[in-house]
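My structure is below; once you've seen it, I'll send some questions.
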């Protein structure tokens, strides 16, 4: 069977004066898994949105199983058996998992506007079983972890795909970003299980994942498809080269300033405990040092991060900064103590979308009553340049920037102000392309060189290896290993994967 | 100031609506544009403008303050009662109290995590209740207070109360665009979590804002005392909805974040013209509420800044 | 916790706050005057809670989808007049009896429909849309009432409205039925479920292909229907079609809904919670009369109690990142 | 302000003084201040939904028709919005103030001072009803405040209270429904009740609650009282008819309608009907129809010079109490019918303007 499941023909899409897609043509055979890679802003997400009926193409057409189609709304695509998993979290908190999975296309789950809970849960469960049987269809969505929600989103895409007798088409936008190792594993296995029965377009920055599950890999750049390789016949290096136009291994980013010597202990945790979350955590980060913290689901490292940021109070133990014990009342109090926190969910916690870049950068600066616009502009200009933030101007709304650049703003906000004593970053490299990744890593190292104690929380050990002097691994809310990265990269891969 | 300022400055729609209204009314009643009528409008605007000024800050913050009118009434009573005893100190004292009341509501809202709607709703009961308890009924000002007398007069056809209102609005507007406070206000209204995690002392800003609202309400109450020469436990009650309407008709989003005091100024004029204009235009009084209601809807439909308000709730 | 959503509580907990508030109030007043907890008085409370409850049911859906309905009083005024003029009365020749009830409800629904259309088509925030249309309703009512409010002469209707069956006030039973309907709509209909989605994450709902505007309009219409019904019941019990039949009812309904645990931001809450909120407010009003609070301090006390009730209702929620507006 | 008028109408002043010296009042002809065609009659009140206000309007319009000025009759409704009542008055005065006469039913007594001041500065004329803030009087140099037609709310309160006391045989417990507590009538009417109770120690107040003049608010309160005091309630005192009728419906629900005496104030048709049926005991009417017209009548008489300007009137003519009538089962029938202009023509005549005065109100 190698009929074309879905085909994009010369698709063009323009937002404002920026043409995001400049005539993209792409075939996906039935039962084929196509990887779609490219830097941020290459147009991958836009392409998927057009195929999924979220947006309409300005030019070009879409052909599904031989028949040209014109989606009026996402529903149409779904009805044609095309499942879409958007990059940004897309769950409604107040309703059940089953409702989220079937939202807007309940099929047998609703008759004559009446809900049939049993049928609804059964349908949802069919999809969930493929992805994560541990999630109950009847559970309230807001009670799920971020990881679980991503899986529910995948299940939602699958549920849509399996509505028609034909083989489903699944469009997955960054499904593995921000997932912990076994989350990724589960998802990739899901894809492999579906391989025979479905056609899948798989967008990801994690080249190793792409290489693993895809049959064919298409490289996009600047709104065009620039290259195409059989997965078997290419390597991560080649793909990166094709994407960025040159080789740059992340390792280079830190190789340079490995030499410097960290100073005195700055952040120190003793027996810190918050159940549920983590227990008896002892941790010491010296100023000038970059400490990595990793672990699988429920390892508690994200919870620890949120405690450091003053969001949740610990139940036991103490935290001290530069030897002075601190008890944080709230995030503002934490900032007052010189703790800067870059959250993982940048959209709803990292940046104010409706404010300009300059305003966002000034947000964390607590010096002075007045607003000094000239100074703000200068600062903004400096950091836009230093972090290579791609923005038309300093007065552009952050919401108009790509995800990677928003992340840069969320980080620069802290670097622009007075030097934070402790810099806590939760998953700072999530869904960043190689170049953005390097810029952010540089910035983090720079902060350390500046004398900040940096704590980086991430799920992928590889990412940490790129940044950190030391890495601690958490499991079941406790610190298990704590050693220098060079050792960590070799020795820790095992425990992390055992972790779940 | 970039993003926020840019959509604050775009007050074109409200201006147009106001113009249309004025022209329409004066077409029916040419005398509507006489110096006298304009002064009447200014006088009528003073109290509403003061209430709306405080309300705007609160609404930009994403909250709402239902207690403003009640506080104004309370202040009117207190001033009337206090003038004989405290003399010139009466007004400052009352204003101080009003500010404190506003701040207190803010504290309860922040510390106890009770929605501002409820806190200030309870405020209506508390403050007008206290006003009733201390005053029983209308309290004429026994004794003289130069400030109140000044406030009741007008020079060069400009009622002093209105001048006071304008000055107040100007001050707060300056604060909104010049001080970090203003920036933080918008940030909280737009994305409270981000503001919080960026170290913005959200609690403090909220309390300050409600205090400001209380102060404005106090000024409104003072203006009303000066006008009617006596305080009354329900003197300002009828101004609550018009003042909120003014804020929203100006184009400030009830969902918070977007808006400005300049817009509110226009909103107030629109509301006032609607209030009296419909009558002046000589419409049969029985039809007034009908016309008022429809015009309000039309006005908002015309003025609302859809660019900045993504989801209409 | 990762995405910083509010600490979640099991279903039964979500109504526990309001329940706690209600209990505290009942016990408190009970100590104030033992007769307060007498069967006779509980009956009285139910009776006085009937009309607010009908309103609160509709208001819950409106607030849950993130909107608000300030037109309640205006709609009730108009519906009350139409109802009174449609049953046997001293102004017109009509004598439609029970049919008038349906007419009033229908008129309310039409009003709600108008609200919804203004919000969705003209994209006017519900706060202003309903404020304006409420005033329209009030105006219409005044015209209908002209210079003599119509007195209801339909004896059977009056008897029913003032009477009891199995010891319970008929109005309370009607309200209970309304509550039941509300629960079914909330739990078992597309309208009810999509309400959560629209209020919780409207953009997601849209992307999921839900006809958001349609459901918003439908909810406003439903709320209007409850307003019409409430107006009819209130008029039937008072025996007159009156412009001020809804005075103060809107604020009461909204307060009840919020105390009942529905967030003004939308996406949460339950009709059941609102019902508890209504009862709490009814208990306050009745209790103050019972303990004979000094008239001059009454408003103050009422305000204070509303505050306390809200405090108790929110007692189980604690998360520094939870945004309360 | 006298001198002002003097400057404008020296003749009027001279003539008026002459008259004043000769006969203090009863108008021989003073100088007309306005062309009849210029005169504008403004009736300012709350709204028309309440029968009481409706009658105010009917009376005013009936007078205007009788005086041949109906085309110059203006109705201003403020929907209970204090601020708006003032704004409406001011806004109309951009033109022809000196020939405009306002008949004001104050939304709250606080509006009186600003409205009077408006009249003073624009030269318009104003007659106020009910009550004004203490320490404010027309005759203190406020020449354009033609008159204040007060209602002696305390006497009214006493009158109904006596009816109630009599109906319950001078002993037993009663419950009290207050109006909006911050208003003068609410306070004074209750004062009247207390005065009466002082004379009848047998009667005790079981409970009192404000119901804001509103029948809807009165209903549940009455219910609560019934469940609390049961048979202990011998009578119901309400500060106005609307609340009395609300209480009556609560009684009806308990099957007690007509069995427990209820009194109210205002004399609205519905209440009078209920009195006729024996369900209400008594009410007191200040005759809205008359109140809505008398102020305009005064204005016309004065502006047309059939009566000299107010500054020539006696204090007792500037501020006096209006006669009220107690309506009980005996005379209910007589007041049941719609008031008709014919019945009032005699009292509108310029020499009869004060025919309902019961004496000075200061």
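Every chain is named by a letter (A, B, C and D) in the order it is written, and numbering of its residues begins at 1.
The rule we apply is simple: a residue touches a chain if its C-beta (ideal position, glycine included) is under 8 Å from a C-beta of that chain, and two chains touch if they have at least 3 such contacts.
Since this is a predicted model, take the numbers as computed values, not measurements.
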item: Chains in simultaneous contact with chain A and chain B; value: C
item: Chain pair with more C-beta contacts, A-C versus B-C; value: B-C
item: Centroid-based (C-alpha) most distant chain relative to chain D; value: A
item: Computed distance of Cα centres, chain C from chain B, in Å; value: 28
item: Rounded Å distance, chain A centre to chain D centre (Cα mean); value: 74
item: Chain A-chain C separation of Cα centroids, rounded to whole Å; value: 43
item: Chain C and chain D: spacing of chain centres that average the CA atoms, whole Å; value: 37
item: Touching two or more other chains - residues of chain D; value: 48, 181
item: Shared-contact residues (touching 2 or more other chains) in chain B; value: 132, 136, 193, 196, 286, 288-289
item: Chain A: positions in contact with at least two other chains; value: 311, 330-331, 343, 348-349
item: Pairs of chains found to touch, sorted by chain label; value: A-B, A-C, B-C, B-D, C-D
item: Chain A - residues contacting chain C, complex; value: 54, 73-75, 78, 86, 89-95, 99, 103-106, 110, 113-115, 140, 142-143, 145-147, 149, 277, 302-303, 306, 310-313, 330-331, 343-345, 348-349
item: Chain B - residues contacting chain C, complex; value: 62-63, 108-109, 112-119, 121-130, 132-133, 136, 192-193, 196, 241, 245, 248-249, 253-256, 286-297, 300-301, 304, 306, 309-313
item: Touch list for chain D against partner chain B, complex; value: 48, 75-77, 79-84, 86-88, 90-95, 108-111, 113-114, 133-136, 180-184, 187
item: Contact set on chain C toward chain D in their complex; value: 33, 35, 38, 40-41, 43-44, 47-48, 141-142, 145-149, 151, 158, 162-163, 234, 237-240, 242-245, 247-248, 285-286, 289-290, 292, 295-296, 298
item: Of chain D, residues touching chain C in the complex; value: 47-51, 54-55, 57-58, 178, 181, 207-210, 214-217, 219-221, 223-228, 230, 245-246, 249, 252-253, 269-270
